[in-house]
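Two complexes come next, and they have one chain in common, subunit A, joined by subunit B in the first and subunit C in the second.
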Partner chain A sequence: MTNTRLALSAAFAALLAAGPAMAELVIPNLSYRTGPYAPGGIPYADGFNDYFTLLNERDGGIGGERVRTIECETAYNTEKGVECYEATKGEGSLVYNPLSTGITYQLIPRATADGIPLYTPGYGRTSAANGKVFEWVFNYPANYWDAASVAIRYLLDENGGSLAGKRIALVYHNSAYGKEPIRTLQELATKHGYEFVEIAVDHPGQEQKSQWLQIRQQRPDYVLMWGWGVMNAVAIQEAANIRYPMENFIGVWWSGSENDVLPAGDGANGYKSLAMHGSGMDYPVYAALKQHVYDKGLASGDGDQIGSVLYSRGMYAALVIAEAIRKAQAIAGTAQITPAQMRDGLEQLEITEARMAELGLPDFGQSFAASCADHGGPGMGRIQQWDAAARRWNLITPFIAPDMDVLGPLIEADSMAFATENKIALRCQ
Partner chain B sequence: MLYREAGDFKTSYAADGQTFPIAFDRRRYQAVLVLAFGVVPFLVNDYWANAVLVPFLIYAIAAIGLNILTGYCGQVSLGTGGFMAVGAYACYKLMTAFPEVSVLLHILLAGTVTALVGMLFGIPSLRIKGFYLAVATLAAQFFLVWLFNKVPWFYNHSASGQISAPERSVLGLAVTGAATAPWAKYLVCLAFAVGLAWIARNLTRGSLGRQWMAIRDMDIAAEIIGVNPLRAKLTAFAISSFYVGVAGALMFAVYLGAVEVGEAFGVNKAFLVLFMIIIGGLGSIFGSFAGAAFLVLLPVLLKNLLVDGLGWSTALAAHVELMIVGALIVFFLVVEPHGLAQLWRLAKEKLRLWPFPH
Partner chain C sequence: MPDQILFALEVTLNGLMAGVLYSLVALGFVLIFKASGIFNFAQGVMALFAALTLVGFQTGQVPFAHLVNVLFGTHVEHFGWTMPTLAAIAATMAVMVVMALLVERLVLKGLINQAPIILFMATIGLAYFLEGFGDIMWGADIKRLEVGLPQGLSETIDAATFAWFGYGFFIDRLDIVAALVAAALVVSLTLFSQYTRHGRALRAVADDHQAALSVGISLRAIWVLVWSIAGFVALVAGVMWGTKLGVQFSLSLIALKALPVLMLGGFTSIPGAIIGGLIVGVGEKLFEFAVGPLVGGATENWFAYMLALVFLLFRPQGLFGERIIERV
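Let's look at the complex of A and B:
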């Protein structure tokens, strides 16, 4: 199969090669445009592809090398994810960004053995933030436990610094993804004295009547949500149906896109979610995208997701990868880098506000600098609120930092358990 | 002309009762085994092992298991995913509790645990039949998935609820974990698949298999001629669950390495394995392999053809692939309701007469 694939792609490359694009930077895009998680997968994949198209069209790639993205459909299914990984890794893939916590868990040991970095911004295995244990995995600028802590910090601010006696429910996707924040929220519950209620929603989350009945009975003061795909839209609709006060309902950044709130119409007004970056089209980068990508008809997918929250996130992930490639090229002194050199680039990456402004995204994301031990970044998040009448997300807070006094020991404990289980020698000593 | 009984003299009862009475068939079967054990391990790479051969062999084991219960004994089950989960979680608990014991033994023990659980859920089959039994096994499916999600002991209290297979080796060679060579994965699954298929084939030809088929064809008549329904049904549940459990353990330990129960062993899996035996052929070991091949290999083949070959967008290819597989299922069921195994049987009949059909 690999030989046939190689032969076929070689034949196509020969047919289509219009420039000197023999050597290239290969970035696989494990996306999902089908199944119950497609509402999240489509915009993300489009943003990811479009940013690399922009670099190819405007700058001729990165450092003179064109970028080739290989898209592979996983349908958010781990078996297909493995198939995609195996099918693409032989093509010289530099970094994987599978947009699925389940697939990330599959790929961590495989990619580590094969020496290919994994970049999982805002998802994946949280304790991979500890670079001493996870040499090949990066999840900056923020992860799930950061998100949980930021949400609680925000609620603390709202309540004058105390959550004692409050009841906070977590509605979560019953999978590795949804369970990730539970331990953090439990720890924070002991610290801040709120009562914590877990409410699980099974895959795919189309039926949530009993969960929202439970919320109606228990009357939590706040509801947090770790949902994805159709689950988000259903939960917001159900919350509107039981007239749960929307301003007390906060989703993680994966539960805060247009596709989640639009189905509930006016009922979704006031719903809040975390955000690790801005959204909308008020950034200079869109002028360049319009000129070099959209107007040339090169937009990925149907081109109807441009500017949405998850499109912005896909673009953000692509931007970070592109910057890491630049860094890797600078370190290695060659434009055609290997996955190992890519890892070095990711590890020494620094993104400043000035650089973001230069790239056409001022006041978009947080600045961060990775290091050998720190693969997790500062982990800050903002809160955004949905305005149903104007159909837009408004950022209502500046970046809030997570409570590292609680998270630090948790990350240390979880990653060290992984290191002992897999007999990994610690790095960066 | 080559495919004839003529000239192949059977001089003993054993020779007369063998699985492949025709010399050509026998040699073909031997050739397949030689190829599978002697040639493929040298050619297989990561892609072929992880994306094609290992899933095919594991699903074939699960399909044989379900075929024993549904195809041979006539008890419809929608609990396959749940039973695979039992195998996977039993394997995980054993692997982490007794790291010094060989993982191959753990996989067999995981099958045994699943057999016990399967017997437990098989008890209602003595009183309920047909669709009602299907609903009862569906309850088992949901209950087991819920259980493995709910009780943290099963996943050793890990933060994410995922179970991950630690690295284990056999004779100094890693067979689980990321460092496993593709041929080692393939050979472990192949050995299990061939061994279990051989046992299943012989079980179904023996007295136990005949009891199952008697129950399937008419349980009252079977009881009258002296078949004990309790024994027949519970053995079918036990042996079927053993196979399914082994498949689940292999899927977790060798193939995926990390699973989460709702995603890997949900009700979709139960339907997938059921479709495999319906398309492959109920009551046929070959059919289990054919069905697994059809539903595992065809999507991969179509994906490679449409995306890499024709350059279609992945979303379009994924949708068209679902349509093509669906249409082919309908086509095969209309043309040959008894599955691919029956097509194979008909082909063999024709071959015997060829080139003089009269």
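Let's look at the complex of A and C:
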């Protein structure tokens, strides 16, 4: 009897252990559908899930293997994010996209030790763009410092190539995320001769009267914003209240979703933000999504976020991961890849405009090719402007390249300091 | 007049206005604490829930739409009609009264004579439940709340101050409305508690539960009443803050702004909530204006608590709170 029980237990344990190795590609989705940042987390998670559902339903997965997304709620809380990572890494997870700079910072040493790649498009640790130091982290196509530089390049274009004598204020979330662009903007201020004013807003940013009175009193020529969640909507409302010219107010791409502008109504008209991809439903991929996902009732969440900026961003992140899986499968010669092979796929990934068009997203994102040393991509960004009457974002510039003469040395210095501190041997020599 | 003095004056006025908005939240805490000795952790979430419900009624949103759609395979989101603002406010108030009844029946009834910390823990549970319930009922997306309140720069004050000082002060019209509403609320609450039968019963319960029971006042009825009034105050706070921020789940965090106000003004005083709010509002804004730039800014959150702690050193019961001495 005891032997039978033992045999049964062993068989059950073997079955459980075999679970993660089953033929499927496991992609965790560290999302936040609850708490104060849920309005940003929900559309991103929906877009991320829906794209993989499309691949499963239309193509039978990637390379014949179905994708299994595991959603884990972080509530944008760093501790919960780490718990989610620990709870899901044993499932055979191929790559993590935690949608939080705080969680990313905590996961970098863990994921590096565990040999699981992190993909943090448009957020996370900027200097992870240096693949010589950060073997397991990828943040292409653009990062925070790129965003700061693109904003300044746009303002240079608007001002005939000179910002000398101008005053530019940065309203930022008083967190690791919000402080990311400060050093870049300081360096660029030295180069271009503008006065740089830093204005911090405490989490969550519901009350910003002091900050906007300061802006009213100091009258900066331009205001840049690094916000997230309710801070964005309040800042835009306060800017409208003090009648700050909206066309001179530019947010980073995390301050440029419908959630940020709709609460201010007509007051938000003309507000600008950076964009690292297009949005809206004027892309062929939506016909496929409608046929294979939405009409079958398989849409993630309520299905009411489709086409929004953050839905598009989640979908874009899923698309890049899917393309990296294809690349990894091609390199490894097998459809059932490991996290290490996934890393190889991410490192050798190339996405061209022709490929984006083939995937149903022409003129949506920038082309890029990763390499051993370059995990950051070209870092380009566009400017989009809110049309309150039409309730839509309009892209008003082509992709603008960042100033790598300034950013290159900053990334090098920061990543090398990390390498020295953590005794990391440089790769790609 | 030097620019810096004018700026400081403008900041002070805006601090007063911000303080009123904090007071609106603090009032709900005071009402419940005064009548039942419960520190209602759920007050911020009640404001969120009230605002969500108001927008839901106004826009004809189907409650629990996601759940209904999942269970029955339907695609319903809206009823196809909208409700006038006043009717929506009345309907929301009815929901808040039902909520008060349910809180009394399902939460408080079983906890009579329990230690205050138990009741406090129950309100923490209530806060989390209500937040999740609001999410399931109305969805987590950001909603625009429009009840016809004015917003933005007050031209009159701008023009008048410009004529006097050569610099126009910024005062948000929504803040002016909030100040008037808060004043009306305090006056009506005072009149209610002083001159109505139920108000006197409420005060009797607040003074001594046992004595009130002995003269035939129903403790449970009073609890329903006071939670209903707190629901009304939450609705007012939800309307003001929801108009300002949009109705979104971070609205529940406005409770964090009320805590230093309560510590400063006292947990049992309605005027204390107002005065505490004004002191916190002005204090944090002036500190941010004068000291913020020297220390990297973003001082408001911690300064409010520091200010409250300093007051506590000298008046542990707050400015207007009752001094509670317990023999051990």
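Rule of thumb we're sticking to: the second predicted complex is superposed on the first by the 407 of 429 C-alpha atoms of A that agree within 3 Å, B and C clash if a C-alpha of one lies under 4 Å from a C-alpha of the other, contacts with A are read in each partner's own complex, and residues count from 1 in each chain.
To be clear about the criterion, a residue touches a chain if its C-beta (ideal position, glycine included) is under 8 Å from a C-beta of that chain, and two chains touch if they have at least 3 such contacts.
Predicted, not measured: the structure shown is a model, and the values here were computed from it.
Annotation: superposed three-chain arrangement on subunit A; subunit B versus subunit C shows a clash. Judged by the touch definition given at the top, the superposed model places A:R33 against both subunit B and subunit C. In the superposition on chain A, contact is made by A:D202 with both subunit B and subunit C.
Residue contacts after overlaying the shared chain place A:A233 against subunit C, while subunit B stays out of touching range. Contacts of A:E79 after superposition on the shared chain: subunit B is touched, whereas subunit C is not. In the superposed model, A:N174 lies in contact with both subunit B and subunit C.
Contact with neither subunit B nor subunit C is seen for A:Q186 once the two complexes are overlaid on the shared chain.
Of the two partner chains placed by the overlay, only subunit B lies in contact with A:T112; subunit C stays clear of it. When the shared chain is aligned, no partner comes close enough to touch A:S367: not subunit B, not subunit C.
By the touch criterion defined above, A:N269 lies against neither subunit B nor subunit C after alignment on the C-alpha atoms of chain A.
When both complexes are aligned on chain A, the segment of subunit B among 42-50, 114-122 or 330-338 whose C-alpha atoms clash with subunit C is 330-338. When the two complexes are laid over each other on chain A, subunit A has residues 33-34, 42, 174, 200, 202-203, 301 in contact with both subunit B and subunit C.
Subunit A makes touch with subunit B in their complex at residues 1-2, 4-5, 8-9, 12, 31, 33-34, 42, 71-73, 75, 77-79, 82-83, 86-87, 89-90, 101-102, 105-106, 109-110, 112-113, 125-127, 174-177, 179-180, 182-183, 200, 202-203, 301, 414, 421-422. Subunit C makes touch with subunit A in their complex at residues 3, 7, 10-11, 14-15, 17-18, 65-66, 69, 73, 77, 131-132, 135, 139-142, 144, 146, 151-153, 170, 172, 241, 244-246, 248-254, 257, 284-285, 288-289, 292, 296-298, 300-301. Residue ranges of subunit B in contact with subunit A, taken from their complex: 45-48, 50-52, 55, 149, 159-162, 164, 166-167, 177-179, 255-260, 262-264, 266, 300, 303-304, 307-309, 311, 313-315, 317-319, 322. If you check the complex, the residues on subunit A that touch subunit C are 33-39, 42, 174, 198-204, 206-207, 209-211, 213-214, 216-217, 229-230, 233-234, 237, 240-243, 259, 262-263, 265, 267, 297, 301-302, 304-305.
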